[in-house]
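Letters A, B, C and D mark the chains as written, and numbering starts fresh at 1 in each.
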Amino acid sequence: LGIGAHPSYPDLAGFGRRALAASPDEVRADVLYQIGALAAFCRARGVALRHVKPHGALYNEAQRDASTADAVCRAVRAFDPELWLLTIPGHALERAAHACGLRVAREGFADRGRRPDGTLVPRGEPGALLTRPEEAAAQALALARSGGFDSICVHSDTPGAAAILRAVREALEAGGVPVRPFGSQP
Amino acid sequence: LGIGAHPSYPDLAGFGRRALAASPDEVRADVLYQIGALAAFCRARGVALRHVKPHGALYNEAQRDASTADAVCRAVRAFDPELWLLTIPGHALERAAHACGLRVAREGFADRGRRPDGTLVPRGEPGALLTRPEEAAAQALALARSGGFDSICVHSDTPGAAAILRAVREALEAGGVPVRPFGSQP
Amino acid sequence: LGIGAHPSYPDLAGFGRRALAASPDEVRADVLYQIGALAAFCRARGVALRHVKPHGALYNEAQRDASTADAVCRAVRAFDPELWLLTIPGHALERAAHACGLRVAREGFADRGRRPDGTLVPRGEPGALLTRPEEAAAQALALARSGGFDSICVHSDTPGAAAILRAVREALEAGGVPVRPFGSQP
Amino acid sequence: LGIGAHPSYPDLAGFGRRALAASPDEVRADVLYQIGALAAFCRARGVALRHVKPHGALYNEAQRDASTADAVCRAVRAFDPELWLLTIPGHALERAAHACGLRVAREGFADRGRRPDGTLVPRGEPGALLTRPEEAAAQALALARSGGFDSICVHSDTPGAAAILRAVREALEAGGVPVRPFGSQP
């Protein structure tokens, strides 16, 4: 287990899933604020905060917009340059993280359909979600074996998420892929 | 200058000035959350967070209710046992802070009228606010010389606050009372 | 079916279940605001708003505090003097509603344990909730037949609420008690 | 005097001045909610709600995006088809209002610099704000005499707004342009 902050735009009514035209300074402040708040609970419990992954629309904007990506990464680095940043590989957020000198964990999705070119089938289109556990598990193992991913995401609100998680973990372990937090020793 | 957190009940519409029947666990969580959020900005700037003083209704409730006072102090200690806690002397919050082993700074008010027994004239009654700078300055000096206070408060929303502050500082310095953050060396 | 507003203190984080030390003017404004917002959606749908029942801590405070009760009733009357007000009989809110000239619907609880004197067993004590459908149904029928109640509440967050509701309705109809909105013709 | 609702995106932290990627249904609901809440206070005071003008980023989005404009207009019409809608002429919101059958009041700005083609100098650029009262007053009179505008806006947060307002009113009256609410009789 590794604990991570999942900061979002300040959009409670929309669960952070709607893009907000916030300036880079506003994004940096919102991310810093949310990391700090969670880190206080970690500190009170004596556990470490290990990583940051932007949530919802902020994650999407940070993949496509360089100034948003940079604002997120500057917030993470200002709080703790040892934190890992999760990102989809090949987009603006990964580039910004490398430019900031952050440790990067590349994320793949067990429960999202992929197009032949590796991009995700957009939500709302047929095949966007993989809800059959064996299908998600097979995709997770393929992502892990490809060498291109350090983290496999299963969304907690995908129908049947608990069964998918169990199948993914079993498939990874059966396939010889150890499951552990980023940066921990085998 | 010393930077402090000023955590309150989650009552944005009432500016934290209305008591909320929150449980001790809720108070502890709200205080921890707010200290953590501010501390993240301090960390990003490379400056220290020095003290905590509950705001508005939370300050009042923590003076009179032992379980609220205890919840505030446990949050402060869990975040950083070296932080100073500001409190009005002689009430529940001071007792809880000593019981928690926190450093205590006793607060007096330059701009609030006092009764003969030392308690404040309630807001809304005649004499509750001292708005003449020389009057506030004289009271500040008397409080400082009494030996019973470590911190003198001037409310930023008292009419003429800037002039009062200037008069208070001049009176303290002219009276031989050094002005510096809690716990700093002379 | 009758549509009613369920206004509360502005305490999103606590789901309106924590008392807030709001002034009567603040309570009146919050209730008016929330009734107005819901009424706009009724108007857009072409349906009538029929009643108001304060939610959570505001309901409790309005039962015991005359000035809160009066503030709630003045808000309801100012918006529409034809609206029904729901209240537990025998407390401050019923008295305020009569003083304001509002139509009053007296509420009983199918799913809450009652003491011999008719008051509710407080939440958190044994017997506070009646979760067996037949038990709740029997209590609902007894309340309805007593002639002291116009409305029977089943809390949507009582475990098994849907089964309780079904049992209550069947018991009322089998017992010859018609189920319909306040003030509608038989 | 005429009272109007000024609904915005639910962005308290940004004072409604940041665009939010809300769906048309979300925009319609937010606008309806805010009109309803204000209308409740009008009703309690016995005064009429006369018009609606979207605030900040929602106004800007409704000028350029047809589906946002349509959502705003459907909310206004659903609440009360007699309400006036304020809009900058020549953009999506005016077209949507006409399509919805709403009464339209065309708005010009006394205190904003205009380019030769009639569009506003963007905030942040030189000449965006007219802060000299006589300059704003002259522009207001020119706008009113052009026949293209029914309403002249002076922003309450433009420096010197009160003096500008006074100058604008005097110039309009001296110029023979009566100042009164939309749709009222001379």
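Operating definition for what follows: a residue touches a chain if its C-beta (ideal position, glycine included) is under 8 Å from a C-beta of that chain, and two chains touch if they have at least 3 such contacts.
Computed from a predicted model, the values in this text were never measured in an experiment.
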| item | value |
| --- | --- |
| If a chain touches chain A and chain B alike, it appears here | none |
| Cα-superposition angle relating the copies chain D and chain A, to nearest 5° | 180 |
| Distance between chain centroids, defined by C-alpha means - chain B, chain C (Å) | 42 |
| Separation of mean Cα positions, chain D and chain B [Å, integer] | 44 |
| Of all residues in chain D, the ones touching two or more other chains | none |
| Chain contact graph, described as a line, ring, star, complete graph or other shape | ring |
| Interfacial residue positions of chain D with respect to chain C in the complex | 29, 32-41, 43-44, 75, 78-80 |
| Touching residues on chain B, where the partner in the complex is chain C | 10-11, 13-14, 18-22, 26, 57 |
